[in-house]
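Heads up, the next two complexes both have chain A, just with different partners, chain B and then chain C.
This part shows the complex of A and B:
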């Protein structure tokens, strides 16, 4: 009986919207009219025949891959480095705080900052390239279809690597010191300590941060919407913006709901797979 | 004071406040100008209206331009729809009319004859299937604004009238070592203004008017490809990184003298006067998009008024329409001109000596134009514009061809037709 309120809360605010979203995906409807037409699975058929949908999925997976590599991978390396004996405690704290700061800045502010960094005429990046004699590399970073998606991805890595790093720092700090002392007695160097003690000990936090990062990659919206709005020529389209565009620009709430169903399905399945994979190792 | 008296007093106050609340008319008013001096203008309008109508309280809501386009759709589907709200005439508003969200104000405008206070050409954009749905707030048109000093340096003594003259002038300006045309197309509404002009000039009028109707438009006329070919010829004369620059950035570069001209809205001229270098406003001249040898009427001008409409769900239609008339009327029109430099749709608002010559000259271009041509992005179905805008950005980067671009538009138009 005591769990009933919690169950009710979860049912109303989690499961019910998911079911309603799937129901809405079977209709053609918009936000400013009560009229709705039943179309069955037509939205899904159309989606699976739309090349932009596959571009969006590809970009989300690309984003996930880079994020796991940088945020989790590099975050882990930085965490181990800062908690090791390489630099003093004070410097470690300073760098930890400095690297964490970007994650507390709001996404619109960060997107605007990097928008100006990437500006082809007055931006810092092209300016630096000019100063070091690499004028041939100058480009319109957000308007060039070859560089646009990577430009947005790298901005996110700058913003969130510090956040994941701090989560891993907390996990490392919980490792019993005796393990490291024993390793030192056995002649282990820093690299061996990291590989045989630190990383196995923070496995569960690595699993959590990988899942957070992956799910975050599929919830991606603000960065793309502010910096490129899916352009140039839909090359930076991601599922979140694709869904928003359908629902609010094309007046197709039903189609947007269908995209939302796909986002949910992908993130749900991958989360289960990842959890099973980490449990078995 | 005994309890009886206190009780009577309390009941009286309670009843009076209830009556007052019942008598007060609350209106929600939504517009898209979040910055100054526009914000202050609307606040002043509301203040003056409330002073004249003490029983009316108006709650002003603002949303910035791009966000407005999406937010209004959501608001109209709720009980919180604004009573009076901004809109762009054309398909942007027509879909709301079809969904029954916009009030037909024809009877209100006829009953007191106020319809005839407005220029007919500026009311027509707000007419849909024979009924009037909105009123113009500001006139607008698109012209090339050029720097007379740079033109003189290039040996050009008058503005070009034809496309051939225009192309020759562009060559002369390019010979000065500059990219002659400032153009920021990061948000592709900017290119829609170029293509609106070129489509209208290159395609017979009856065909492009039909094609803007999503239920029947086919976009198969070869004139559309011709229009894009002309646009493609202009691309080398645009500044670098066109698709990476915002319109405002390009305008700054133009005002700094880095480019000889820019295709601008007439409503931007007061902004140039406010934000540009001192004296820059006196260095500029204007000319409409040059005439081509296409089948369209070469004297039409691209540009449509922007305006306001009343929600069909308003609980106070009389008061809402009255406020709309006040907002777009003569008195507020003069205030709008004074504070913002814009003309509304009221006839004979000012005499020529009351405003700067260039402001009067450009407004007369609009009023003298035989017909105005709507901005392409406002006149198209959202899905058609989505594909068209992508193709136009590709063409601006010269990574596609005019024929391929129109093939994509024809394909999406076919898909959209099947939904009606």
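This part shows the complex of A and C:
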């Protein structure tokens, strides 16, 4: 009795649609009629022959690589600094909370803010480049096919590095103090403490954060949708927007479902890793 | 000795300097947005770095009247309903799974926690068609229902661990005093579990308040959309009224930032307990 409503919700609105999605990907269909034609694996064949699909998946991986480097890599360094003996307690809390704030603002709001920052005429970035005399670097960041994807990627690092840092700070705080005390007696300096005690002790949290960052990169949608909508010339296309475009702009629901199957497969496989590393913590 | 140690570069001063640079990188763009949201468009185009001649709150009033009042109300309604239902159903479910003898316990537990592995994106198109058939496309339910369904696995996961570690003595005492299971749950378990209920509620609120994709696809009417989608439609409507846009971004972001400043501890403990993103 107690579990029934919860399990009903999850089965009907989480599991069922995902199963349906596999089935739908084998049909040609659209939103305004119930008619559907069985096409087998045609959508998948078409997808694997579409260069835009490869651009999209490549961008998802690029996003993942940068996000892991910045959010987990830089985040870890910052977390170690914050928890070391370099910064007073009050300042430490201030630094931590300020770095955390961007992650609680909605992605559309942050994306629009950066849309203005990257604006070629009034934007903050070109303005600063002008002030420091680097006019040659000025560009229309989101309209230039060379810079567009990196511009969106950097916005996400601005937004989420602090979040992952905080997760790691909490993990570091759980390390027993005695470990450090005996290390200090043995004459270890801060660097040695970080390498031999802190990092090994937060290994499982590093694994979890790496995985959630990776999964996040494949769920990517709002950032791209708001800032570039996949352009210029599809150079910032990612799987989420590619799926949305197929299903809701071109009204090819079946093809969109096939793209969704790819997103599902990648995120699902990696999520299993996450659950495993959770169990080991 | 000290020279060869790569750590020596990173002494106190350097590290503090690094953090101050990061502070500027976080705060300055927000500050830049705030000053520009108080300007006229002409002022913005002349110099986006300058302080406004005199602060112009008209942008905020305009944004509010041009739709943000509605978006705000919708967001509050959708978030409150989804979070309340999620927390309640998940608490029942997690409690039963952790403390009671019920059939198929492990199957149910695995099915629900397994929901964590499934990304909302891959359910999007099917849900759209299901809501169409159920005739709830373009209603509040089209947001509330999937938000609840996709938050339950996470909430049960958080609460299950908590209830599992719960001391059994209190429940036993209550039962001896003649309390039914339901009454024990309501009168004894719920009050002691406030921290985990609050953590779950906070994390679910952030998620629901900021959710974009479902709201974008399942809602068509302007007067039903929540803030994130409202914000993106606002841009298409306003075109070049950028100062008004910036006022809108600030209105959209303030509630969560204020809540965080008042309850930063609860925010952080809730988010770290879950360790999930987006």
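We take it that the second predicted complex is superposed on the first by the 254 of 281 C-alpha atoms of A that agree within 3 Å, B and C clash if a C-alpha of one lies under 4 Å from a C-alpha of the other, contacts with A are read in each partner's own complex, and residues count from 1 in each chain.
Everything that follows uses one rule, which is that contacts are C-beta pairs under 8 Å (C-beta built on N, C-alpha and C of every residue); 3 or more make two chains touch, one makes a residue touch a chain.
Every value quoted in this text rests on a predicted model; they were computed, and no experiment measured them.
A.B. asks: If we overlay the two complexes on their shared chain A, which of chain B and chain C does A:121 touch? Say first, second, both or neither.
C.D. replies: both
A.B. asks: Does chain B (first) or chain C (second) touch A:98, or do both, or does neither?
C.D. replies: The answer is second: A:98 touches chain C but not chain B.
A.B. asks: With the two complexes superposed on chain A, say which partner A:69 touches: chain B (first), chain C (second), both, or neither.
C.D. replies: Neither partner.
A.B. asks: Quick one: is A:134 in contact with chain B, with chain C, with both, or with neither? Answer first, second, both or neither.
C.D. replies: neither
A.B. asks: For A:6, select first, second, both or neither according to whether it touches chain B, chain C, the two together, or no partner.
C.D. replies: The second partner, chain C, only.
A.B. asks: For A:233, select first, second, both or neither according to whether it touches chain B, chain C, the two together, or no partner.
C.D. replies: The answer is first: A:233 touches chain B but not chain C.
A.B. asks: Which partner chains sit in contact with A:248 here, chain B, chain C, both or neither? Use first/second/both/neither.
C.D. replies: Both: A:248 reaches chain B and chain C.
A.B. asks: Touch test for A:45: chain B only (first), chain C only (second), both, or neither?
C.D. replies: Touch partners of A:45: none, neither chain B nor chain C.
A.B. asks: Looking at chain A, which partner touches more of its residues: chain C or chain B?
C.D. replies: Comparing touch counts on chain A for chain B and chain C gives C.
A.B. asks: Which partner does A:35 reach: the first (chain B), the second (chain C), both, or neither?
C.D. replies: It touches chain B, and chain C stays clear.
A.B. asks: Would you mind listing the overlap between the chain B footprint and the chain C footprint on chain A?
C.D. replies: Residues 31, 121, 248, which sit in both footprints.
A.B. asks: State the interface residues of chain C toward chain A in the complex, per the touch definition above.
C.D. replies: My answer: residues 5-7, 10-12, 15-16, 18-19, 22-23, 25-30, 32-33, 36, 44-45, 48-49, 89-90, 92-93, 95-97, 100, 102, 108, 111-113, 115-130, 132, 145-146, 148-150, 152-153, 156, 206, 209-210, 212-213, 216-217, 227-229, 231-232, 235, 242, 245-246, 249, 252-253, 256-257, 260-261, 264, 267-269, 271-272, 275-278.
A.B. asks: Considering only the defined contacts, which chain B positions touch chain A in the complex?
C.D. replies: 69-70, 72-74, 76-77, 95-96, 99-101, 186-187, 240-241, 243-245, 249, 382-383, 386, 390, 393-394, 397, 399, 419
A.B. asks: Quick check on the complex: what are the chain A residues that touch chain C?
C.D. replies: These residues of chain A touch chain C: 1-3, 5-7, 9-18, 20-21, 24, 31, 78, 81, 84, 86-87, 91, 95, 97-102, 104-109, 112-114, 116-117, 121-124, 127, 158, 160, 162-163, 166-167, 170, 189-192, 205, 208-209, 212-213, 215-216, 218-219, 221-222, 225-226, 240, 243-244, 247-248, 253, 256-257, 260-261, 263-264, 267-268, 271-272, 274-275, 278.
A.B. asks: State the interface residues of chain A toward chain B in the complex, per the touch definition above.
C.D. replies: It is residues 28, 30-35, 119-121, 140, 142-143, 229, 231-234, 245, 248-251 of chain A that touch chain B.
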